[in-house]
């Protein structure tokens, strides 16, 4: 059995740190040696742990039985009474946490887990909006979560009013809008437009599209809508998938890094290439650096190394 | 080096136990800590070991150097004087072993190894027939075995007279009939008909057919003949093979489980899907349960898991 | 990181099964693949799982950072909302579970974890007493547990009224009696006598005593009081300790097996030797069989093997 | 982390030894336990170490972070002051080393590393030519080496005058001739002809051509020119690549073995099949023996093994 | 084979960071993925890497064949042309590196390796003295180093003039003073006095003394001289040594942490207990935290853990 | 599970090769990839495999469950029909095998396994005597072998008539002489004298004596009798035993190497030190070289290494 620390926001944070970005992770973890090790893990990748709070409850745990080809993985969660599940708004000092911050990223997992997570996040988002911080969201809607009583649609909508960048696909848009759009570019544009209209602070939507050739050969591309223009990148071939867990997080991280350093189109290309590269690593973390992603953008996809 | 317990009948037994069936394994193993560990191994999967006899001789051993792509595996056998090789009819209490038994499965490996194996098995088959137990056989003819003097054709024929279900391909039929049929459906029907006529207790024949796209991409389907009707399932794609050892045993186990719980056609589908799933596990055991096989039958073959 | 299933009652059950006893484990585990694997684990050692109930809650988890020499191990528990924590008396069919049962063993961990555990156990004990089943208890008092509101002294006393054999040291006796006895034989006798008088169904008390030469060299012996007679075994040397976790469970298992097969004194010797042998295995399970324990009793402690 | 001994000439030597050839490796290694282990490693495969000299400098080291699919491997070299880097002509007794020798193989790595390597090799080549020994060269030009001041073109040309067999592609020919030929057969023939004319001792050129279907599916074939005739083998499919490092060395080894045992065309086939098989092993060594290569030549490429 | 980052100053830095100290490591490492990994390794333990410079040369490497009992370990070094070996004073920005610094620790390994290391260190020490920073030195004299031409005695003396705390034994004192003192307390006092007189900035000397009971049972104590008073701690028993590499670094780290937080005597006790604990970890790093060291000081040396 | 090649004569051969001796192993192994790997294993240590014959039977196998402290290891043999068990005198070309041979060593395992082993060995011994080769024997009597009908006493006596050096203890002497001597030096001298008188070609007897302090602390010394003089070495302490398997073989190898290079007394010391060192390696092979053994003889037993 192998042992990993993970979580969708952690994956995004580590990937941006690997690109050279300065990243801070805000969360609540257990106040024992497992929590200490989790902090070491983040520090190892250069992610700041100075805003992490400690709890008497244990860190959430899950067991993953890794599948193969057409056999899906099995997952056994143990997180409903974890350290994070008892987070409360007063535990996080957002003023201090967001000092010098220029970008705030969150995902739909956080408000899905518990009321405290939702409210704590909302406090942070309010302050971020007040300070004019760019706020991106990856709503990743998973119906299997959301067990504490809140309605996904209302809760996510409440939080989306503080966001400026929407990263997510048709499923998430449909959940939030209560619509039934399909995967076509036309539907994506229409759904995006409705999102932008419903949440005026949101100015752009980004999506990652996966095409399956077979179980181990996929294609990845990216598309966006900014209220007036539709853009779409070329498909990238992943001819042999090592592990697809965390490839959405890798896209978000690449896109966020890209939007801070390049124009929108190159940011989309960078995000898609980062996501493609993630498919070649085991585990849910994208270990690639900027040079490695750029190398894919230049078309160096043979995997041959220069000696 | 890794260490496994294996054997074709053991694979079938474990797979059926994984499906929830009550299974008992009848064999002879060494009376030492290796034999104890072998019993633990069976027990772990829920296979009853109450009819296993113990011998002063060591458990048979083989070493497998695992191949890859077009490089075949190498195997080094050490079993000609093993615990099993000295089994004798009087060592097995068949009355007790077959109490409450409704299905008896055997393979052609058993009579191929030694005279005692052949005679012990024959005693069991006689009693099974007398008690009206369903008897399936997977004759798996391997010419490299059969070293103790018996003729495969005569010996297998002697045992087939007690069987009701024949699981095996053209090669086995040709060996038993002394014919030269090819792989076509027409030949399969004709050969099956001859088997049914020669061994009147046999009512149905089942076969698993593999089509190779390339070394790591195969297709699997199943066909049957019941004396009057030919049935054939759709091809299942295995786009990336992890390990193909034991996929015949997985088919037999799935088929036997299916025939006890479904109609013939669904049993064929279940067997083929079980065999397909086995290609995704390392080692020779099919670890999948009924839900996982059913999932394939429903067409969920993307390997994506639901969170 | 290595992965084990454990628990004090499981350790006792497996050890008795290793001695050839027929053992059934009664508990509640998660209804997922982790729970399935836990059942396989018990079955592998021959422990019956037919009275185990399944729960929607996850299996309790703990992480252990193994210490060395004077550096203690660290442990991080995650079990307050586990599958077991939600057990209720109506979930266990004690009539069926105790059919053909001649010995019932429980430990103080069970009533310490949750109200449901206490009440479920009490139902079983009542029936056991009614059926005249021998009931042994290892109260293993740990103050760090007992968080759900019950008082250890009252709760354990309530359950001790159904017991016939007390396995435990001065600490447990003091907790139950509210006394302050020391480790001397005189105090052990006096405390035991009080236990026997307070709980008339208890007829004998057994204790295991450890003497430390240094961190890796201990001595183990056993003592007992049966209301009229004090007995004590010779010290056994463990000159190099591999792992001392589970050595109390190994003593209990050896003693229980011994009391069913030998006289009291030999049972004490058998328990102490079993506990001594456990020190030579990594993990918390005593893998030794009857011959291996007997070998120690015969004084064969050089560790040399015969070829 | 895994630990290997490697190097292009070592790979060739081991592969020929695996084919049953008698091979001696001439080099300089460190005079410490790492050097001892390197000698053991060669001896294990049957490569003679009697002409290896020992140095006070450490063995060169490199770290390889293995890539996947389109993600290239990273390599970190530490060899500029290694044991080999201080080799000098007077350290090798070529008379003794080449006693009974009938074939001398070298690669372009040796003269690229250091002046001493170049001069030591030249002494050996001179003697080889004098003794009429067949001399093959695989110039493997890597611009990242060649840091000690020598010009690749001049240095390689100086050494090529002692060779009889040229194993290498268009890149190497262009580097040596100062030309700009492409990969077509026509260009190969023209470039080969120029090589043969410039270095009259060279009588034949051999090349291995790789065609990429995708990152994990390649095709390998071989071609040659002997001054008057062009030959080319059929493409061999490698449908799933395990590791492509060392496949050029495997080709050279197979070709050299083939030229000593078969005619030119079969030698080319043998080399290409050996190279194809190497793709199925992890690490840079081709572990296959003659039977296994011959099996591929016979078209047995399903990877199925005979029991 | 296992893979570690190490080095005497790194060990001290990590241990102090484990105690909660803020630590920065100043060095030169390779500018490749091995160097990146080394930085991650330091960051994981919370050691700042902001003053580490990068070099084109590879990181120094050594191979260690671990011994046992009376069999010594073997070590094979490869560092004479490493990244560090080419460090030059102008590469380190000491003003920035020592900003907010209150303690500077160095060891005798640094000036022993190369002229650049010596001169770079001297620049740092000069500035440290000017800024009134406490400077501790562990001269760890190893004659096998010092190959670049400098005289140990002169070089170390040149650097000692900037120090305030001397951590080292009789061997180091003798090397620096050119004397021949023995291990007795009397000699330690006399030698310490001479050190203090020769280097007036040094105010105290500390030493760790090891007594061997046998190869796996040692005792550790500490002694000091401050110009007027001799102090000595009690012996701590290490009854079973797991690994003694890095125990001197653990002492230095514990002592430095102690001197910053406690009085001199308790600092000595803390250092000795830290060193004792290090004997229980594999590898050269002391992973213990303040609570674990304090636990030893309180006499809790049974290794039993509280549940 | 780990996988080793072993056997008492192999251990002796490898150890002498590690000391720099030229050694050839004569045996019969399987003609499959397991046999090939066994040859590689010998070659790796520099043991010549040119006199090894190949058999259609598999290599003998055993499984070892490693014990600890007072818990003995369990062993499960599978060798009664192994490759070696079918060796016949005509299979070994002794003329060629003993060419340039100056020392012949055998153990009592060989004639114990099978008639063919006994007769093949006898042919070799006859030729060795004729050629004046020194012949040492380590009779290692194990009653559990000797199953093919031969009498140990008669068979060993028949072979001892060709020997010149007897390496073995009182047990072996008693078995051969039919006596009942004890372990005292007086009995050793008397028994040795009777051996020398009964087998006139034997001129010296050597014995290794083990004293147990506890299960992990032993002492080793050596004694000899040469017909007129008794010699005895000092005890060597092994304060912590890693693995004692193969320590008798290590003694024999050290003694044989010593007798070829030193006087008798130093050879005894060398053998005892080699045996002591073996206790520090896992597995049954003594990996130490001459320097390492000499280091122990010089009293360097602290296990500290020089940097």
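In this document, chain identifiers A, B, C, D, E and F correspond to the written order of the chains, with residue numbering beginning at 1 in each.
Following the convention adopted for this analysis, a contact is a pair of C-beta atoms (placed from the backbone, for glycine too) under 8 Å apart; a residue touches a chain by one contact, two chains touch by 3 or more.
All values reported here derive from a predicted model rather than from experimental measurement.
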item	value
Third chains touching both chain D and chain B	A, F
Count of contact steps on the shortest path from chain C to chain D	2
Pair sharing more residue contacts (C-beta pairs) when D-E is set against D-F	D-E
Same-residue or different-residue interface between chain E and chain F, half as cut-off	different
Rigid-body rotation angle, chain B and chain A, from Cα fit (steps of 5°)	120
Same-interface partner of B-D, chosen from the options D-F, A-D or D-E, over half of the pairs matching	A-D
Distance between chain centroids, defined by C-alpha means - chain B, chain E (Å)	65
Separation of mean Cα positions, chain C and chain B [Å, integer]	43
Euclidean distance of C-alpha centroids - chain A vs chain C, Å	47
Shared interface positions of chain B, touching two or more other chains	74, 217
Category of the chain touch graph - line, ring, star, complete, other	other
Chains that touch, pairwise	A-B, A-C, A-D, A-E, B-C, B-D, B-F, C-E, C-F, D-E, D-F, E-F
Complex contact set, residues of chain F against chain C	67-75, 142, 144-145, 212, 214-217
Residue numbers on chain A that touch chain D, as the complex places them	217, 237-242, 276-277, 279-281, 288, 292, 295-296, 300-307
Residues on chain A engaged by chain C in the complex (per definition of touch)	1-3, 30, 32-34, 58-59, 61, 63, 65, 74, 76-78, 80-82
Of all residues in chain C, those that touch chain B in their complex	40-41, 43-46
